[in-house]
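Going in written order, the chains are labelled A, B, C and D, and every chain counts its residues from 1.
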Amino acid sequence: MAIETQNARKYRLTVSCPDKVGIVAAVTQFFASHNGWISEAHQFADTENCQFFMRYEVLADSLPFSLDELKAKFAPLGDEFDMQWQITDSAQRKRIVLMVSKEAHALSDLLYRWRSGEMNIDIPCVISNHDVLRSYVEWHGIPFVHVPVDMSNKEPHFQAVKEQIAAAEADAIVLAKYMQIIPEELCELYPSRIINIHHSFLPSFIGARPYHQAAERGVKQIGATCHYVTSELDAGPIIEQDVHRVTHHNTTADMVRLGKDVEKAVLSRGLRYHIEDRVLVRGNKTVVFA
Amino acid sequence: MAIETQNARKYRLTVSCPDKVGIVAAVTQFFASHNGWISEAHQFADTENCQFFMRYEVLADSLPFSLDELKAKFAPLGDEFDMQWQITDSAQRKRIVLMVSKEAHALSDLLYRWRSGEMNIDIPCVISNHDVLRSYVEWHGIPFVHVPVDMSNKEPHFQAVKEQIAAAEADAIVLAKYMQIIPEELCELYPSRIINIHHSFLPSFIGARPYHQAAERGVKQIGATCHYVTSELDAGPIIEQDVHRVTHHNTTADMVRLGKDVEKAVLSRGLRYHIEDRVLVRGNKTVVFA
Amino acid sequence: MAIETQNARKYRLTVSCPDKVGIVAAVTQFFASHNGWISEAHQFADTENCQFFMRYEVLADSLPFSLDELKAKFAPLGDEFDMQWQITDSAQRKRIVLMVSKEAHALSDLLYRWRSGEMNIDIPCVISNHDVLRSYVEWHGIPFVHVPVDMSNKEPHFQAVKEQIAAAEADAIVLAKYMQIIPEELCELYPSRIINIHHSFLPSFIGARPYHQAAERGVKQIGATCHYVTSELDAGPIIEQDVHRVTHHNTTADMVRLGKDVEKAVLSRGLRYHIEDRVLVRGNKTVVFA
Amino acid sequence: MAIETQNARKYRLTVSCPDKVGIVAAVTQFFASHNGWISEAHQFADTENCQFFMRYEVLADSLPFSLDELKAKFAPLGDEFDMQWQITDSAQRKRIVLMVSKEAHALSDLLYRWRSGEMNIDIPCVISNHDVLRSYVEWHGIPFVHVPVDMSNKEPHFQAVKEQIAAAEADAIVLAKYMQIIPEELCELYPSRIINIHHSFLPSFIGARPYHQAAERGVKQIGATCHYVTSELDAGPIIEQDVHRVTHHNTTADMVRLGKDVEKAVLSRGLRYHIEDRVLVRGNKTVVFA
């Protein structure tokens, strides 16, 4: 008998709590007692910090509960083990606001994945400080919101951005080459929910013009990093990284071009992990149940 | 509080059984009821075949059982869920017989990992059809057994090899460039316990002189494959694979040289997975809980 | 003094000839005598076959010749050394016809690279046996030509395709997931000018449904191959290959998804090499001066 | 006709000079006029700095000159084009002194490559500040020189090291996990001739305990860097770099173990480039004609 689970509706439980004996037993006993069919399961014990992490997918139809009922039933267990926990429903697509500037490589890649059904999200709007990518976005039937930025006073821009994000009821924001530093207030409003790509293999080459820095240092591989934005620039928890080999033949312009492919790759992988609730933050690091 | 688990003694449970509700609940409840501290846990539901796989590490000192007592206690659970299961003790180092021919790269790599303590095995002996590597092996204090092969009648060779392996009480055999086809009888005596490296990215270039085949075909990456030996040549379950980029500059001799590095890498990774009981065979494929 | 060459107009000379003393001396002496500034140079001596390959880029403005004059001047040298040679002008963008079926990942990737100016080509049209991707292509201002195929008699389809390609004055054709076998006649009309991606790490998994074959075999990496089409299926000269790691967690559907990223990568790299005249075919292999 | 060049004796010319028209023409004309057979050739024009680099291999037996005669003949050309140049003879194996501390992974890898004939060098001695690796080195028939270091006054140690290196008539020194900072005086005595591995993807994690820094930062790939030592710590020209993927499952101890494999790989590749005269230094960067 084959179980069709690939496209089945699932409840996704993620847990972070102090490690102790009996956590998994209690959680799996809970599901088993309601005949819940576990289709995917990951656990991780961070023994250095004695912290426990888990992510379970349970076939929604195997349980006799709505999402809210399930949460209510699970809550006592969460209390008992002092868990930070959440349960999501795979059928509720996350609402992801994209923010871009002028460069289209990351946007173009994400929109392909979205329209082909590969990336299971809703995109309520694309926000940009430039009007350059409007037509491309609108061809996809996605609203394009141009919020110009006054470089001498960025506050009105970010105030408007904040309102747009709120109006879009965004679950998360993706900075797909947005190229502006997010103010602290906005960072704190969406903790572990603003996803950025930095165009270097962090922590190398923090800040501006990383490919120029990389060319200057003569590195033999360039990289890119997908991370959650925190108020400290380029220092948030890393979700995904990758690299591409370069040689002396590659000019800085080549590095920019080659780097874009790495940027797209790590961003799409990182976003996929995020929307499937595979990323658990622990301090300034992540557990990614890929 | 940090739990020191990296070097602690563990019991390792691996399970393969038909998937159904309640397996993990039952297993974890079993451990929790005896206060067993789970330090690592992996599960996988093969939904296409409705088969379930798991691997748990439990701190040995957290349980009030010897290995044999633990097995006896666990057995009813195994029966209940129709499990193929085993429990091993990390303190019981596996006995790995190495078989080599004349080439030293894989042997040299494994012996370094062994003598540095990185690869937690006992090597009762190295068996070879040539006497070339004796001195190097013996410097390590490991017995070197030269079993010549008569190419017109290999049977006595393999009879002697079989006896040596039996005398060595080998848990597994590693063909570290042994370059002879293992007879069916020996394959069946050690199912999923004879580990080979094939010097190609299987299933490309099965059989002899794969680098010459690769050069002939003009591939842009060469690879190597670590797999369990079965009676069908180069067709056993794959444990690990990797590749290395080549260009037109690389001659066949270069490919052989570059390929050796890939061979060493996949063999040492594959062997590590094996000795830590991370590889579960399902049909002709593997689940590797890396 | 910095020479701006990145975007400068160049003449590109490629040569394949029997190896002997004095080839490079003669060629470079030829350029030097006309004050030609060499901005990039690659050579390769295939010593196994005693064949010599070279690719030189010369700043067009440093020479007192038009392209035709340069060819006329160079021809005696070509004769003297029995060269197969060509000289192209980087300012003459190649005309690349794309052929697609229903899948958009490769098309989408190429069109991004084209519209961003990263891929320096003209796309006279996109030809498809389905009408699915029309709107997307036409948004780019590129003509979309729907040529349906009658599966019981494909000849009229390929006759029409041939005419469309001819009308488009195509320099090369890219099969960006076109999913039909090209008839021998068309292959021979465009030797080393039809570029395909095969969705496996050739020569593994030739033919249909390679990801299913790969899943069946239990490989640990999946790959893709960009190659020139010849009349022998999936056996043409390989331009570029790459792989992506997979685990037991990955279903066949995952492999298809992950494989698409590798397909896009090898196709765009292979096409870039082709349009910059970096690929020289030698028998069934390639020299790629990347 | 196949030319056997793989193992043939070659003269290797490397050149760095201001770029201008006619360099390659003059050099190749020089070789052609003496009937010199070029078996490998690389050029690179650094257009940002208008500097030209080349490396040519010429079959020694095709020229009517000894190495000294060839140098004398070539010298006027070098003067004419203001070249920094050198010509070496592939038959003169370079003398490489290895320096180690207690860790054996890089040493063990290099000694395998040396004794198998893969790495074409002489090793006059291994110098160490500890006596731990003596037996292993001496098994290879290589002198082991123990030079203890007094941590409160390192000067006598480095004085003795300097004398040992001089006595060994070393062409280059490899710091195969030597773990001591080389004093400025020694750096300057062997410019671009002291090769180090740093156990991070430089410029990330400069200085001590890079794997601990990497674990702390939560990176998803760890790396290693092979570079020439200069008086500025971990800042010399990079020869080779590579990375290995890590996940949250990997402890710092795992990173150390996995990192060793990357360290070995980049060191052996970097050293191979060096001994084959494939590395040309330009400022703080390298051109590697691999």
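Here are some notes:
In this text, a contact is a pair of C-beta atoms (placed from the backbone, for glycine too) under 8 Å apart; a residue touches a chain by one contact, two chains touch by 3 or more.
All values reported here derive from a predicted model rather than from experimental measurement.
Interface residue usage between subunit A and subunit D, two copies of one sequence, is largely shared: over half of the residue numbers at the contact are used by both copies. Comparing the CA-atom centres of all chains against that of subunit A, the greatest distance is found for D.
Between the CA-based centres of subunit A and subunit C the separation comes to 35 Å, rounded to the whole angstrom. Measuring from the averaged C-alpha position of subunit A to that of subunit D gives a distance of 42 Å. Touching of two or more other chains is recorded for residues 6, 40, 47-48, 249, 251 of subunit C.
Touching subunit A in their complex are the following residues of subunit D: 44, 46-48, 201-205, 217-221, 223, 237-243, 247-249, 251, 284-288, 290.
Residues 1-6, 19, 21-22, 24-26, 28-29, 31-32, 35-43, 45, 47-50, 62 of subunit A are the ones touching subunit B in the complex.
In the complex of the two chains, the subunit A residues touching subunit C come out as 6, 40, 104-105, 108-109, 112, 115-116, 118, 136, 139, 249, 251, 253, 257, 261, 265.
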